[in-house]
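Heads up, there are several structures right after this.
Next, two complexes with subunit A in common: one pairs it with subunit B, the other with subunit C.
Let's turn to the complex of A and B:
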């Protein structure tokens, strides 16, 4: 598809910072210097996308260039303590908690001392020279065409690396807690993750975004590359629970090998301007992919969910369910693309997007999209935007339940549908709690 | 190769049997486009000054615009200076009777079930030799005139009813709308004008077939339909018979104005030359069609069957401004060989309790690309607006593509918007079921595809529906004989 690529002039402040960091990176991580240089060139060319760009039609990024963000520097010190970090734990006391404060690993606040066998977690400096890092880091997320990925690639300093060994079944969930600690000036936080899962391995990874304390608004630009090996099973959850002044743009690239399975749930509750890009590449045969999403918005929130399920090979299955409740002045955006390439015969791909609009100032823009180049496929999508079912409301009221309670009940049931599908029990419980809080 | 694969292959590899006929003498303007050409066209048609000024404004605006690149189609760049913008046909080669007609075309006509009179007209047979169809047309015109219905060519309307043209021209599709609408506004050659006065229900299907001067309206056609309060009309454009045309680029504009309680139904069957198997030649059909439901309870319904053209790029739209107004869009788009279609609709809900229905059926064969692109927009004040969309695609052969790009923008909490889309191929179990009952694979494919399109064909006026069904069979069958 041809897209219009008119862009605003490149925000030179970010580029200056990137040039500044490049020298430091060059000394410490020489292996990646060239890729970072390429990312700088790409970002110079692309600039921050404007509303004229088809993929950014409903999201206004102009605030990011004009707000005068300062990118966190490798020399900033950590402020968060282990005790403070504890409140952001979502998957039970035993889970592995990795605190990423302002884009960099804060080992002191994390609880990752006795990791289960078969998994290694650390920042890039711990893994320099390792083959699996060398061959995957910066290789999957497309920085040549995606401006924000380019920006992350040129600015991120300490990517967090998770390596899961072949055949390892990691029972304990691993939570990467991205905590933004705002300061006096507006901070731009590049966060980067690489997860490499060996063949037949299994792992649950939660990526949650939080804001700790008050201060000037933050802008997080996150990129995660997830490599799922043959027959491996990846259970991912993304939770957006930042302050209502925060901006957050994240990009997930999941690369799947044959016979693999992945289940990724995106729950967006917090943040002022949030964009969740998910790019799932089904790179071989016999793959199962599930994407679920929930966004519950109010106030002036703008949340844009962009998903791309890229079927490159035959005999794969993908399913996608996104639900949203939009209240106040909020705007929801859903753009789900299913792409079936010519070789991907016998593909089954489904997608569904359902939205509830609760206020007259709220709006929802939906664009479910199918691009299909193979004939022996079954693909479908459905999208609805509407209100609660009057009959369901009546049913409850006829049984003596007040209107407000009845509405709350139905809203909750609508949203919980997505959360119920999360595999980990403790995580599911904390998500339901967060949802409860948001719906009040 | 298995039997059904062979049939699929035949179906998708068949040639367009008619090709181009272009040896018509005409009174041409020089190639290229500039203000002088616009003046030349206006002068040729002895238009009033205000229309010339309108054309010039459109032309100047066009100069500031760039060609849209967002449709999901690809074609070599068009050189707008390499086009002849005015060409009035002088005389068509005439045949003395239908017997002189290419038997293959004759066979197609018979298959389509086109009436003898229409066959003669389509084939360019000298009509007075057989039946005086002019008198037929005149009778129709008289009946219409009695009711106060105006139905004439656009140029006639400019002279006879300037006040109506002045009032409505560009009121739905302004010349600033898009690149091709601007181009059309500057250089449009002719077209149709239709006006139904208050409370009148048009007693017959209006079709360009009944209109004198309908031949040679050229590549930049302009249609304007106005239905006054309580009026009702059904309008047919195009025909199922294969259309030969020497112009590669077609950029038509259709405007519909539907006042309070008025009801306009617009049906199109398009079967222009799609180019050869390798995508050489073929018509670029870049059309802007839009209607506005100005008053309360107004209704506009678009039905289209698109089988021809190398590239189709059109989005018949409805602006639902009046309360309780209704917009409908029913479409069947078939692409074969190297054809590309990017078509769909826009439903803009502004009034309260407005409703719209979209049913789109795409069928792609060969190496073609077929896209549905539609927008449903519910404005802030469009309380209780309701939309239902269904977009299905059928794939025949493994080298084609089917795509859906629906945009749903909702800004009112009482609105209900639903969208559904599916993509699949003709089920092997369905074919097997038919085979078991003694129906050949080819007939089975026809049967299944026709059933799949039934919902849309049901919306067409009866004769048209029968023809369209046959046309579909032919497009799929490939080998016409």
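Let's turn to the complex of A and C:
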């Protein structure tokens, strides 16, 4: 384990808030008080990782403590109206839209009155005392070793809970729209999600990040725990579409039971400093997991995709495809770990990372890591970083297509195949639109 | 239509074209033959505007304008078409989308109305028949996974779609079996009109049985050293190039 240097910046500013929050939550949510206290202890020990930490070396997090971020408070009022929230909808008019404004559910701006049967959505306070919440919330995302998870766990006020009943096939996509509404001062926004899918259930969950209006930069620290029951099918999409001043660190833990399936696509277009941590735990046999990612960067963006696919049991399949287009002074990071534990015989695990660099100042750091402790497995990984194909560019131009259009066409073609694999048609169309806008 | 005067060009510092003179009038079909390394493909590349080729002297006028000053896309928009010797595979861009973009960019540049999807499909269906292309091929990514014959057929299909004034076929016959050769040639012949011209670059006389040229030229050491009718191609097929090389040696 790498030792974490805590010299700078100091986490003490958060600790006071966390203690205060713990007192407050303790009254409302006694069951979680101990976990929060453990998270506070872990965060005290870990501190905010600095550039000296191997896993965080490309991200400079010092700003989130020194720039005087204020953690959002349960007494903050909501500003966003339902009409304003509409513009962030990605999966069609009929989809369930859950607006999470500055980390807390904004029911008035959401459209979730007519939920399909078999699914329940709300804040933690709506679910207090329920077994499935009690046994999963704060239990899966590793706050003992992950400082930002610890920070989220001690600060998040209103986790959003989604419960899908056993056998329920939820056809309408559910979009959790995390809208940061900046103010005069910089806001630190903890956002927390728990999705518990019953056995044989099915649902599509989109988690999208947006910035509404102008103001001081925001820092979102999001943690999602997704529990996929036996034979259940989870279709997830993460969309980063925040302002180019925003910082966003998210951590997704997906726990998969036997015979389950998940397909998670991470699309990063916005944000100044973005870290997408995905930890997929294949906890039993006959599991299929697909992780796809796309990042299209320009300006001074720094986007770091850290994925861990953890094969614990035999006869599972995982496939991972990450693609990036990096322009301007932007920096991309891909760190893809696949663990195949000793018991995970007959594992098939594949990973691929492909990048296009469009400028001399753009950079890409890619690090695939396979750690295999079983002997009867099929695993492969590959990474490429290159430039736009000059021959293809000339071919298009020789057919009368202008250079700019030709470049856009080739970039789009490179990126689109990640989006083409998104199951929901309306979501796919929205993502292609966002991509087109970004490539212009 | 095309007037090349004293053209000199180099690639990677190596001089390939050494004062080439060449004239094409509307409706004419010119065949250019010549031994390997004589500069045939270089000529095609220079005309299409490939940036790696450096023109060090001479002039090329196309429909009265200076071709060498134009970008590759402007040349295409002005009515020049190069059928590539090695068509490029472009994963992720469908043939149909590619052609729709190309057709409309050209129309836009010419101040014509943009084709909507319906009008475009109609045009595409019509031109597909020319090269016996099936619909599935238009939905596939440009040239991706195409056989050699399919790629060349796709070049002619693009030519039919873009309706150029001057087409340069760069060894379009190489790697084609007899059926593909027939299909490709029929496509080209169907496009022949009194005001459309063609430059057919080839190694083999065989193609010229199908696409009958008005003139045949021999390119050697970056210059046109002999011109004649289609009979010259037959003579070359029979005797090779040595006699021409000797003629030049004597002349020098």
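In the analysis below, the second predicted complex is superposed on the first by the 430 of 440 C-alpha atoms of A that agree within 3 Å, B and C clash if a C-alpha of one lies under 4 Å from a C-alpha of the other, contacts with A are read in each partner's own complex, and residues count from 1 in each chain.
By definition in this document, a contact is a pair of C-beta atoms (placed from the backbone, for glycine too) under 8 Å apart; a residue touches a chain by one contact, two chains touch by 3 or more.
If you're wondering where the values come from, they're calculated on a predicted model, not measured in any experiment.
Annotation: superposed three-chain arrangement on subunit A; subunit B versus subunit C shows no clash, the two fitting side by side.
If you count the residues of subunit A touched by subunit B and by subunit C, you find the higher number for B. By the touch criterion defined above, A:410 lies against subunit C but remains apart from subunit B after alignment on the C-alpha atoms of chain A. Once the two complexes are laid over each other on the shared chain, residue contacts for A:370 go to subunit B alone; subunit C is not touched. In the superposed pair of complexes, A:81 makes contact with neither subunit B nor subunit C. When the two structures are aligned on the shared chain, A:145 is found in touch with neither subunit B nor subunit C. The superposed arrangement places subunit B and subunit C with a least CA-CA distance of 15 Å. Looking at subunit A, you'll find no residue that touches subunit B in one structure and subunit C in the other.
Partner subunit A is touched in their complex by these residues of subunit C: 48-51, 71-73, 75-77, 82, 84, 87-93, 98-99, 101-102, 105-106, 109, 141-142, 158, 162. Only residues 389, 391-392, 394-403, 405-406, 409-410, 412-414, 416-417 of subunit A touch subunit C when the two sit together in their complex. Of all residues in subunit B, those touching subunit A in their complex are 69-72, 74, 380, 393, 395-425.
Residue ranges on subunit A touching subunit B, taken from their complex, read 1-4, 54, 342, 345, 355, 357-360, 362-387.
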